[in-house]
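See structure below.
For clarity, chains are labelled A, B, C and D in written order, and residue numbers in each chain start from 1.
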Amino acid sequence: MKVGFIGLGRMGHAMARRLLDAKHDVGVYNRTPEKIKDLVAAGAKPVTSIEQAARYGSAVFTMLADDAALAAVAGQKGGLLEALSKGGIHVCSGTHGVTIIKKLTAQHKGRGQILVTAPMLGRPEVVASGQAGVVIGGPADTLSACKPLFDAIGRRSFEAGSDPASAAAIKIANNFVLGCAMEAMGEGFSLTRKYGVMPAVFYDVMTDGLFNCSAYKIYGKIMVDESYSKVGQMAVLGLKDADLALAAGGAVGVPLPSGNVWRDRLVGAVAHGDGDKDWAVMALEQARASGLA
Amino acid sequence: MKVGFIGLGRMGHAMARRLLDAKHDVGVYNRTPEKIKDLVAAGAKPVTSIEQAARYGSAVFTMLADDAALAAVAGQKGGLLEALSKGGIHVCSGTHGVTIIKKLTAQHKGRGQILVTAPMLGRPEVVASGQAGVVIGGPADTLSACKPLFDAIGRRSFEAGSDPASAAAIKIANNFVLGCAMEAMGEGFSLTRKYGVMPAVFYDVMTDGLFNCSAYKIYGKIMVDESYSKVGQMAVLGLKDADLALAAGGAVGVPLPSGNVWRDRLVGAVAHGDGDKDWAVMALEQARASGLA
Amino acid sequence: MKVGFIGLGRMGHAMARRLLDAKHDVGVYNRTPEKIKDLVAAGAKPVTSIEQAARYGSAVFTMLADDAALAAVAGQKGGLLEALSKGGIHVCSGTHGVTIIKKLTAQHKGRGQILVTAPMLGRPEVVASGQAGVVIGGPADTLSACKPLFDAIGRRSFEAGSDPASAAAIKIANNFVLGCAMEAMGEGFSLTRKYGVMPAVFYDVMTDGLFNCSAYKIYGKIMVDESYSKVGQMAVLGLKDADLALAAGGAVGVPLPSGNVWRDRLVGAVAHGDGDKDWAVMALEQARASGLA
Amino acid sequence: MKVGFIGLGRMGHAMARRLLDAKHDVGVYNRTPEKIKDLVAAGAKPVTSIEQAARYGSAVFTMLADDAALAAVAGQKGGLLEALSKGGIHVCSGTHGVTIIKKLTAQHKGRGQILVTAPMLGRPEVVASGQAGVVIGGPADTLSACKPLFDAIGRRSFEAGSDPASAAAIKIANNFVLGCAMEAMGEGFSLTRKYGVMPAVFYDVMTDGLFNCSAYKIYGKIMVDESYSKVGQMAVLGLKDADLALAAGGAVGVPLPSGNVWRDRLVGAVAHGDGDKDWAVMALEQARASGLA
């Protein structure tokens, strides 16, 4: 298929490369053209405006850092809303709040355009390897039309629902379950330490048994090693995810008490100067609260 | 080795059978003799008092339902404290509070006896199959002496520390991490449902990716199926575990905010009449709090 | 003094009237001119645009419902930022988030204008009676210059600090302490009810002793009478206040766990259809969580 | 009336003195006889055993430090349960858990004795001045019979209900509402400090308005002055109160999320070595969590 692509950061880059590798025709736009050189070398066509990206093919991807960037790309003069043709498809990847997705769904619809959401499950390197899952939300026929794109990018697609917000909600909730798992692990490490248990032992117990999965293995390992300076996701971005989850819950009447605990721990970590550490630093912040650090 | 065994409920039964299968000589005592018939048929020697069990071999296991039962078996007239010989070993399995373990450690020590803790990781059927982990805590030489017993029972032992409370703490913390994971999952299900996502889809997303482990697969499945009436562990017992965790934290200065959320959910479930359901019913209670049930 | 006034809802109305009664010269602007008729009858001068209000005197008040309204009034074409003269003072009353106040402070400063904040402590009827407190924040000399205005409106002014956000923070924190007090009271009512205590008795105990103040008397009374339909402040607006508090904490690294509980209770109340009830309905929502309603 | 009195600590002392001043005939028993010298000088009759105290008059007061002391005084050989005559009344003051009160109610009933509860509202010095409230719970006719005693001790009695646990619950819930108020205040102080507000200013705002009552004035003042070393109630005892509240909630299906926050703050304070400071030290612990201390 012929598609535009806006937002070629690490994640967008990995996605676009997967599309190119599957012989799709991709028109790439990034504010910093340097970042798309290698994609162009690999066959992507450089375009020089959002408008051109929007009109490059039958669909246009956005993979943007946050809601503000998405609002700007969509709503600015010459932005997606103005530029996308009638019947055009906006495939919105990235982790976005349900409120902006709901608003954008209506705005596109009002112009005869279609929004689908397709957040990635997995870090950029996982996406690059083709092992990521893709959660997709939107009208069934549009999702079906875009299937070759999703198949090119990911290992597996999960159909969330006909409302684009459904996929956004899954992405947010998946991060939420992860953040809460990390928080509980951190609390468990503090608790066992006070009874003389080496963190590595409690890690072994957890990951040998009920928690033999990457959420606990990856982040538990960081906690055991206290290697918070080698950053996967920064604490401040974890806090952003927590805020997205709580806002999503607040908007539809779902109290998320575990999410509050997760958020508070990150707020505390930031207060103690660890905002730019890996968000597993929650375990350190819990240790502080326990008089252990 | 020659050992006594007190408390042949489902879990004790499975442990004793493992010991017998490994050719250990086991003297079994249970208040209800009916329950040990098949063990006797399999080679166990029935004994008729705690005292006899205590003196049957070089060590005596207890596998009791709660702290009250343990306090009674140990402290009553003719109980373990009185009956165990000098140098005798009390192997305390089961999930017990750190306070009683610390007290019992001192009491045994005061009489020249030795307490080791050996809680099981896994349900009785897992123990029966030899696939359970065993967390062990106590003086290194005693743990070493008991190694053949632990090897007979479990797939793997985890040495928690020289303080018997260390193994108790690990068992409590492992349950805690599980309970908090279940709570967060329940919140995630409510959140995604409000955005039109089928629970089975969110379950797939979680267990296909970061949470591809039994904690999420087993309990997430129960939540998806709402099969709370087929009870693995009752909500009221989950609440007991939560209380053990919070008490363990309170005793050493570890706030456990995720644990509070876990406990509150179970308190609410009990308030709504679900105390005898499987503790995964937390997800239903969260749904109620979200106006979904 | 000669001042403009934008936003003549119930609260703005009461404030403007106080200014008029103290012989200040007030130019009033409201989107719905009907609402200012009586003020004009009382001596106010009607103006027909934000611009005219901004230039009516040496200062201009805004008393707006929320951050969105404030952003619009300040930032729109012909809005306060454009219209206010150099050296002009914007007295921002109302309950606003610290983020918008900080942004607005910078924007005004960039144009040589001055922002001061002056949120009211008390409901409109209290303001009308001259019994309200006024929290004021901004440069000391500007606060000093505006003193006759604050004296006209309120019984007492509280100088929060030289940063306009300081007064906003106090207003938010005062609401926060109130919301948390109400939540705890609601929990206390559920707890005592389960032990056979009539709510009126627990109310008497509280308000006769440690809690002999309006926060507990006013809202406790509503809880005892379950008169949630007679609305002072709606639950959804209480939720807005909770969100302001949590956002203010998040922005500067202050975890507010009591605030989370307060917010969750309101989220639950909204989920159960009580968003338009008085926010004391938190006690009913707590009763639901306790299986009492 | 003729009554026995067991437990002449600071609170018991103040109560007994009030009884004596009202010309009641009081037989006093304390493990440390030194402590009752001045009461004897004031007309009290010293008795030398629990048994004698129990049989001294038609009722016997206990004012004991905790549930363990109460269990011992009631249950030991020669304790209240054995010694109290048929129809004898045990007036249990002090702050006790609902579980022990329920158990004791049944035990006394089983022996034809009657338990009533009469916890004090107020510190010992308030009781001494006759200004304390008394919460009373038990059979109406017994409460009526004891009325002269309660009138002698306190300013006002609050009839909680016919179940002695009702008065215990009110006492626990009143402490709970206080602890949660203090916690929220502490959070409010941290929040406003981060926006440049002097604690004394926020204190003024609170106590001048909605929170013009002793709970906020007394404890807010300690927080402003950071005078945590001048101890009214120690943090560890505040923690005991929090545990009583949470246990009371857990026993009857009432989640108390504000109570969790209160308890966690005290657990943290103890972890940081402040267990023997005044429990208002919660505000300092919150400041720590906010990177302010």
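Worth pointing out:
As a convention for this text, a contact is a pair of C-beta atoms (placed from the backbone, for glycine too) under 8 Å apart; a residue touches a chain by one contact, two chains touch by 3 or more.
From a predicted model like this one, the values you see are computed outputs, not experimental measurements.
Using the mean of the Cα atoms as each chain's centre, the chain most removed from chain D is A. Across A-C and B-C, the chain pair carrying more C-beta contacts is A-C.
Separating the centre of chain A from that of chain C, both taken as means of CA atoms, is a distance of 36 Å. Each chain gets one centre point, the mean of its Cα atoms, and the points for chain B and chain C are 52 Å apart.
Contact with two or more other chains is made by residues 249, 252-257, 260-261, 264-265, 268, 271-272, 289-291 of chain D. Those residues of chain C lying in contact with chain A across their complex are 239, 243, 246, 249-250, 252-257, 260-261, 263-265, 267-268, 270-272. On the chain A side of its complex with chain D, the touching residues are 257, 268, 271-273, 289-291. Residues 98, 121-122, 133, 135, 156, 158-163, 165-166, 168-170, 172-174, 176-178, 180-181, 183-185, 187-188, 190-192, 194-198, 201-202, 204-206, 208-216, 245, 248-249, 252-259, 261, 264-265, 289-291 of chain C touch chain D in their complex.
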